[in-house]
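The two complexes that follow have chain A in common; it is paired with chain B in the first and with chain C in the second.
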Partner chain A sequence: MTLASTETAADVSTGFTKKQALYGVFGLAVLLVLAKLIGILPEFLNRIPEAYIPDYAATFDAGFNAWRDSITTVTRFFSERLEFHLKVTAHLLYGARVHFFNPIDWLTLMTVSSGAVLFLDNRKAALATMITIALSGIFFTFVVGVGGQFGGMSQHALMWVFLVTAAVLGGMMAWKDNTFSPLIVLGVVFVYALILNGYKLGPLPWTSIAATAAVIGYYLGGWRLGLLGGGTFVWTALIGQWKLAMETMSVLVVAAPAAFIIGILLGIAAWKFPKFDKVLRPILSILQTLPFFTYLLPAVIFFKVGPTAGAMATIVYAIPPMILMTTLGLKKVSPEIVEAGKMAGCSRWQMLSRVYLPAARTELLVGVNQVIMLCLAMVVLTAFIGMPGLGAKLLAMMNSFKLGRSFEIGVTIVLLAVMLDRLSKAWVVKQPEHFERGASLWKRHFYLFAAIIAFVGFLLISQVVEVADSIGRKQHFSKGKEIDGIIKGFLDIDIVQAVTGWIRWFLITQVLIPFRDAMLWVPTSAFILFVTSFSLWLGGRKPAVFAFIFFCFVASTGWWDRSVITLYTVISAVILALLIGLPIAIYAARSETWSKRILLFCDTAQTFPSFIYLLPAIMLFGINDVAVIFSILIFTLVPLVRYTVEGLRGVPPEMTEAADMAGASRRQKLLNVQLPLALPTMAVGFNQAIMFAFFMVIIAAFIGTQDLGQELQRTLAGTDLGKNFVLGMCVSLMALTFDLTILSWAEQRKKALGLSS
Partner chain B sequence: MNKFTLAMATTAIITAPFAANAADSSDPIVIPIHNWSSQIVMSHAVGQIFESMGNNVEFVTTDSQAVYESVRLGDVALELEVWEGAFGASFRAALEKGGLHDVGDHNAVTREDWWYPMWTKDACPGLPSWEALNACADKFKTAETGDKGRYLDGPVDWLKHGKERVDALGMDFVVVNAGSAAALWAEIGAAEKDKRPVVVFNWTPNFAEAVWPGEFVEFPAWEEGCDKDPAVGPNPNALYDCGNPAKGYLKKAAWDGMKDKWPAAYSTLEKISFTNPQIAEMAKFVDIDEMEPEEAAAEWLEANKDVWMAWTK
Partner chain C sequence: MTPSDTSGGVFNKASTPMTNIKPVISCKNVWKLFGSSPEKYLAKLPNAHSYDDIRADGYIAGVKDVSVDVHKGEMLVIMGLSGSGKSTLLRCMSRLHDITGGVIEVDGQDIMALPEHELIDLRRNKMGMVFQSFGLLPHRTVLENVAFPLEMRGQGKHDRRERALEVVKLVGLEGREDYFPRELSGGQQQRVGIARSLAIEPDIWFLDEPFSALDPLIRREMQDEFLRLQDLLGKTIIFVTHDFDEALRLADRIAIMKDGAVEQCDTPDKIVLNPATEYVRKFTQEIDTARVVHARTLVKPMPPKAPTGKALRGSATIHELARTIVNDTRKQFPVEDDDGKLIGILDRQEALDILLGSE
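On to the complex of A and B.
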């Protein structure tokens, strides 16, 4: 079977066909290279002279300094609000002290809670919730203060009277109207109130949390997920990382909901107002490709050191996919459903909350899944700016060269990630259950009660049995030193050393250094034109224009050489990943079981914290480009393999059968039928691989590089916000060029093949 | 709520901050911790001393260069390990901007410079002299540095001047920056098996001394102004033509507001002074005995009551 060629119709508006434009741009680039070769290229076409480079960083800094105080006042205000909630979860999970309280925090709590109740239940319940929380807020602010004393009557007694009244009210609503949300929301407020009054609730015993996780897992996906949910926490406790994991979780449980709420609100706004959408999209694209170092420095400057800054960076990092999934989901809601809603006489709020959002449930939950995963990844990475927890411990362990302990922490992170991923994915698939009218409360909320019973049960047990409460240092089962020995032993095997030694020598001297020097030799002007023609050839006119503008900007920042080195590292890693990944994926796609195995492996590799790969890479290859590329390679292999397997397995069986009937050999079938049909899907994987490579190449500064990442790392030590931002934009724009080009190509192919939905 | 109680509550809230002035504030003293063991344990030890005095203490992990900005702004209250070589520049810059001040030196001295593990001496017997090192530069060559030797410097954000020194002294070395301390250890660890000669950036006090015995390279001795005045040092036309100070200071720094907010803790901080063996011992608890930093600090305090009790008076 042959496929239609990629050529598109002539572009009438400019009078050029795409082919002519392509030849023109490419030819010009070749001419420039030839000119340099014979030595007649004017210097300004080779490299932009220093004198003409605008100082973006200084301009940015000047602008920023003018507004600095007012900006920081605002951001610090927000960071304090965030810090309050972080403190509360930190108290619950690992026993930190809550030492301040601001009435505004109560206002946020009130708004969010009553909003949630309004969405989940009805106006009446929301109003009741709002009044209860408002009253309690006034009570705390004016009567008690934080931990203050109220003359005459004990504050505790008053608080209890008040809270019990609220609980009874909520309970009655639950009983009568079957509206559970006020009760749950009031429960949360209850917890806040207790903590603020100096009751020591945390740290919660590990058995309680593990048991609750097991019940939730069982509810969402049967005993397997139940085991995963409970098992993860049991492992964490036994290996002696409970407190670290809880430090990480305490940020996650605040950051993920915050990102979710902000994301869904912005997503709805973008769906309602197309103009807003137009403004938002490019910002989101840039946010998604900005290297994470660029999130960190502003976070420190604007949002204090420690967990607050980390949480803020995490939230910002996790919002974009939620926005995109919300808009996508809302747009997809079928007109029949909308029609039905209108016929039922829904108000605008009802249309949104009862028709659109439930209908977009799947996309929203996929968004939730992505938010959770990104948050977890970022919470670990923000260790660079002082986020405590697993990430910080990992960094400390790596800095004192403890491979075994680092590895164990890596396993914990993977388990947490896999657990959260599976549970949230199971939630996507699980449809809401509907019960017969008059089904008992117990029956309707069986799992809720089971979770509560498990939680409270272990809470009581842990009061008596100390091990159920927390596991001390001498009791845990960490095997750090032994694993250390195994890893070092493996790296010391002569064959391994000989092989890696040879690879290092071969790649460095024969491949990488010549390739890098060649890329650096190419004149800037020709380089930009080459990239442009690549975009034009693959993606079409629009991506090409963007490629041209973006690379011109990169050239004008004065960081050209470092940008080229970054690009060289990315390209080398992706090419190597292609060479290794494609054969594996093609082989694996032949059978169901191997596909599954490979995909499982991909999942694990993807969630393994990226900087753990760095140490073995250094020990194998030394501090040089090979180690850098090796560590990127592991990361980029994952999407390549995954999408290739999925693309090949997604080829319609009619097509392969047709090929079989036509008497095609296995090779012919693969090359002429399966691969062309899988190519658009593979391109998505290829694109992701490039994005991952751009992400990792910056982290690889940890090994030691000479690219933009190294400069970014340098800015982290100071307060060079302008430079940090300019460098981040360079990375982002280069990544975006590829992103636009490849996705545009995949889109066209899908249309040509009739695969697009 | 009647007017009387409201008035009482308001008065209580307004007067609360003033009442606190007499003793240390109940707000937590925020102590920064970084990513090397001795500093983490020392911070926990000092934190526990403060706690024993009735203060509340909180720890935040921060970048070791950016921390001076945080001390200046009062986001963290103090910094216990200001290394002359590594953080002198950031410290002085923050000092000029105002907001933090010097609270005196520890008894301990610090040194940071080119360093090699002992086995390197077998390949290059003339060490530790820098001229001898330069003479056997080819023993240190790698695939990526060609004929020249490779010197593995600290990460760029530590602001070392390895490259400048190589140029100033005309050495046959290429300076490669490791991306992190971990990268340095990985490189030494990888060289250990076949006793490959390496020369890397290192410092003391540090856990690495216990794992891999080694020595510092002896460069032309440090003279004041070597980093500012080209005339100082053997090469009259270049900066950085001498070694780092062999006896660098280890300082304590505090936020200006600390003295008023936590006077008792501040006076303790002024007296605190750790020695090299004490720091090494604390680091050993964590790095070799695999204790958690909090426990290591508690253990150290338990064993050295006579040392720190005096500071609290």
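On to the complex of A and C.
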């Protein structure tokens, strides 16, 4: 299958001119290169002269500074709201102190709580919940005052008044109307009230959390997931990383729900108002390709340092997929279900809350899964802006080359990721099951009771047995030093050293450096034209126009050389990944069992926070270019292999059967039937690989690179918002160029093959 | 298009004939066009434009100048092949689609003029609908699905549970109240759909190919079930199907649609005996006329010298009477209705022609 056959899929009427355009652009690029070779190329075509480079960063900064105060007032306001919830979870998970109260926080709590009740039950219950919380808030404010300290007797009396009211009200509604949500929501608010009043509820004992996770896991996916759920927390506690993990989790449990709520609201808005959708889409695709450093600096500037900034960056980072999944899910609701809702006489709110959202359950839950995973990945990365937790510790350990401890933290992060992913995915496929008539309350809510018993049981045990509460400094089983010894010992073995040393030498001197130098040698003008012609050839007219504009912008920022180095790293890593990944995938796709194994492995590997991939790279190759390439390589290998296997396995069986009956040999079948049909799917994998590579190359700045990532990381230390933004746009636009081109090709191809659904 | 038979004809099921009562649903010159700006296009549309002409202009005529009345307690079956506009017409009547031109009145009220809340009220209290692929809410149990319309109009939990249990029993799903839709077979799921549509005790019952997604055997069973329910409830029904046999079996009147327009609208007997167009004839060709036509359709007024002897039942089909018609050599038979009152005479030769084909 040749790529050139795309032309048949492209607009036929303009096919001829497209070909001409392609030759023209490509020819011009070649001419420019030749001109440079014989030395007649004018310098301004080689590199844009310094004098002509507009200072975007300064302009941006100037514009920003004019608005700075008003913007930060707003953002600080939000970050304080966020901080309130962060403090509460931090208190519960690792015993941090909560020491401020603002009535507005009570207001948000009230809104979200009564909104949840309205969604789950009815208006009456929501109103009752709202009034209860509002009254308690007014009392708090009245007695404590804004920002006051806690702890007087009168407050306690008021709190108990609130408790009794809430309990009576919630209980009554649960008893009379069978509506349980007010009880649950008021329970949560009550926990807030307790903590605000200075009761020390946290840190929760690790055994309680582990046991509850085990019950949830068992409920969602049998004993395997039960073991995974409980085991992850047991491991974390025993290895002595409980507090670190809880620091990470405390941000996650605030950021993920926040991203979920904001995402779903924006998603609904985008679905309801097509115009809003039109504006939102390009922003979302830029957001999804922006390097994470670009999220971090604004977060620091706008939202304070530490957990709040980390949480804010995490939320923003996780919102786009939730928006996309929400609109997708709502659009996919079968028209008959919609009509059934209309004919049942649903009002607009009823249509949304009782028909659309429940019917889109699967997509929404997939969105939840993505939100959780992105949040985890980002929370780990917020180590770069000083967010304490597993990521920060891993960063510190890798910095001091303590491989054993890094390895242990890596395992913890991976376990957390896999657990969260598996559990949330199990939730997606979990279908409601009916109970026999007359099943008792106990039977109907068995898992709920089991979870409560497990939680409370261990809470009580931990009051008596100290180890069940927390594992002390000297009690854990960390073998950091020993593992460090083993790894370093292994790396010291002559053969290993010889192999890694040779790979390093070969790659650096024979492949990477020549390739990089060649790319840097190409004149800017020719480079842009080459990229444009590539886009034109593969994707067609529209992607080519975008490619040209995007790369011209990159060239005009003055960060051309670093951009080219970034691009070179991405391209070489992806090519290496292709060379390794394709044979593996093609081989694996031959048999059912191997396909399954590989897909399972890829599924698992894909959940790892990207940061983890640096670990083996550093272990094997130390700190240099090869480690960077290697970490990108294994990171991009995952989508490449995965989509190739899926593409090959997804070839309709009647087509392979037809090939078999036509007497095709295995090779002929592969080349003439399977690969051509799998190519669109593979292209999606290839595209994702490139996106992953752009993401990873920035993180790899940590190892020490000379590309945009390095500059980006440097901006984090200061307040260079403009520069940070410009660098981020460079990465984003280069990534988008590939994204547009390859996806456009895949789309055309799928249509041409009649594969699009 | 053929003007609809507005004289109303509920002779098939031998219920009380409707005379001069306002129709429950009345469609007058209804148009539904799909396209970029259908209203403007319709305003300028020349009279003679055919379906294909309209399509050439970039519009699809979902419903093309249809006038049809449905009377109280009558079952109108809209029959047509896929793309004929039958489901679209049904959705216009329930205002799931907004029509482009014409008037649809329900109980004398122009439904296009209804504001949103009144439309919602109308649906909450008067209309029920059954869908081809059931349209059940996957996250709700059978009982919760059936109670859904009641919940939407704000009935209390206990109240709606009671009513839902009643309807679930009516459709024969007792004991499965707590099942989820995906745990049920197709036939059972459609029973849930039927139960849901009946929960609010609607006056008007819309059924959009309710049995098309089912296996032939189940389909037959569900049709019987449906006839039983209709006998019990006597609703005004608009039933859409692409299956001519089904239409003949269930309908009081059939409206046969093609390209958005009604080709013929009449009782099954009359459609089989006198297909109005070539298109309708194609459907009737394969049909055993004797199984469709009832004796009462063929009756002639009593002559002064009435034939004597045993009378035939007017509500029986010619096929059911075949033995008598063949064996009894009287030239003419008296025909009586279900109450034993003589309603006319049946010509033996005519009946034989239908039974055996003419000549």
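Points to keep in mind about this one:
As a working rule, the second predicted complex is superposed on the first by the 696 of 757 C-alpha atoms of A that agree within 3 Å, B and C clash if a C-alpha of one lies under 4 Å from a C-alpha of the other, contacts with A are read in each partner's own complex, and residues count from 1 in each chain.
In the analysis below, contacts are C-beta pairs under 8 Å (C-beta built on N, C-alpha and C of every residue); 3 or more make two chains touch, one makes a residue touch a chain.
Keep in mind that what you see is a predicted model, and the values were worked out from it rather than measured.
The wider contact with chain A, measured as residues touched, comes from B rather than the other of chain B and chain C.
In the superposition on chain A, A:Ser400 makes contact with chain B only, while chain C stays out of contact range. Using the contact criterion defined above for the overlaid structures, shared-chain residue A:Ile261 touches neither chain B nor chain C, since it reaches no partner.
Applying the stated contact rule after C-alpha superposition, one finds that A:Gln350 touches chain C and leaves chain B untouched. Of the two partner chains placed by superposition, only chain C is touched by A:Glu336; chain B is not.
Legend: residue contacts after superposition of the two complexes on their common chain; A:His434 is shown touching chain C, with no touch to chain B.
When both complexes are overlaid on chain A, the residue A:Ile508 reaches chain B alone and has no touch with chain C. Overlap of the chain B and chain C interfaces on chain A comprises no residues.
The touching residues of chain A, counted against chain C in their complex, run 177-178, 334, 336-337, 339-340, 342-347, 350, 354-355, 358-359, 361, 431-437. Taken in their complex, chain C has these residues touching chain A: 91, 94, 96, 117, 120-125, 127-129, 131-141, 148-149, 151-153, 157, 175, 177-180, 182-183, 193, 196-197, 206.
Interface residues of chain A, counted against chain B in their complex, comprise 96-97, 99, 142-143, 145, 148-151, 300, 304-307, 383-388, 392, 395-396, 398-401, 405, 473, 480-481, 488, 491-492, 497, 504-505, 508-509, 513, 614-615, 618-620, 622-625, 700-705, 710-711, 713-714, 716-719. Every residue of chain B that touches chain A in the complex is listed here, in rising order: 1, 5-6, 8-10, 12-13, 16, 26-28, 32, 35-37, 40, 56, 58-63, 65-67, 69-70, 75-76, 90, 142-144, 152, 155-159, 176-183, 185-187, 189-190, 193-194, 207, 211, 286-287, 290-292, 295.
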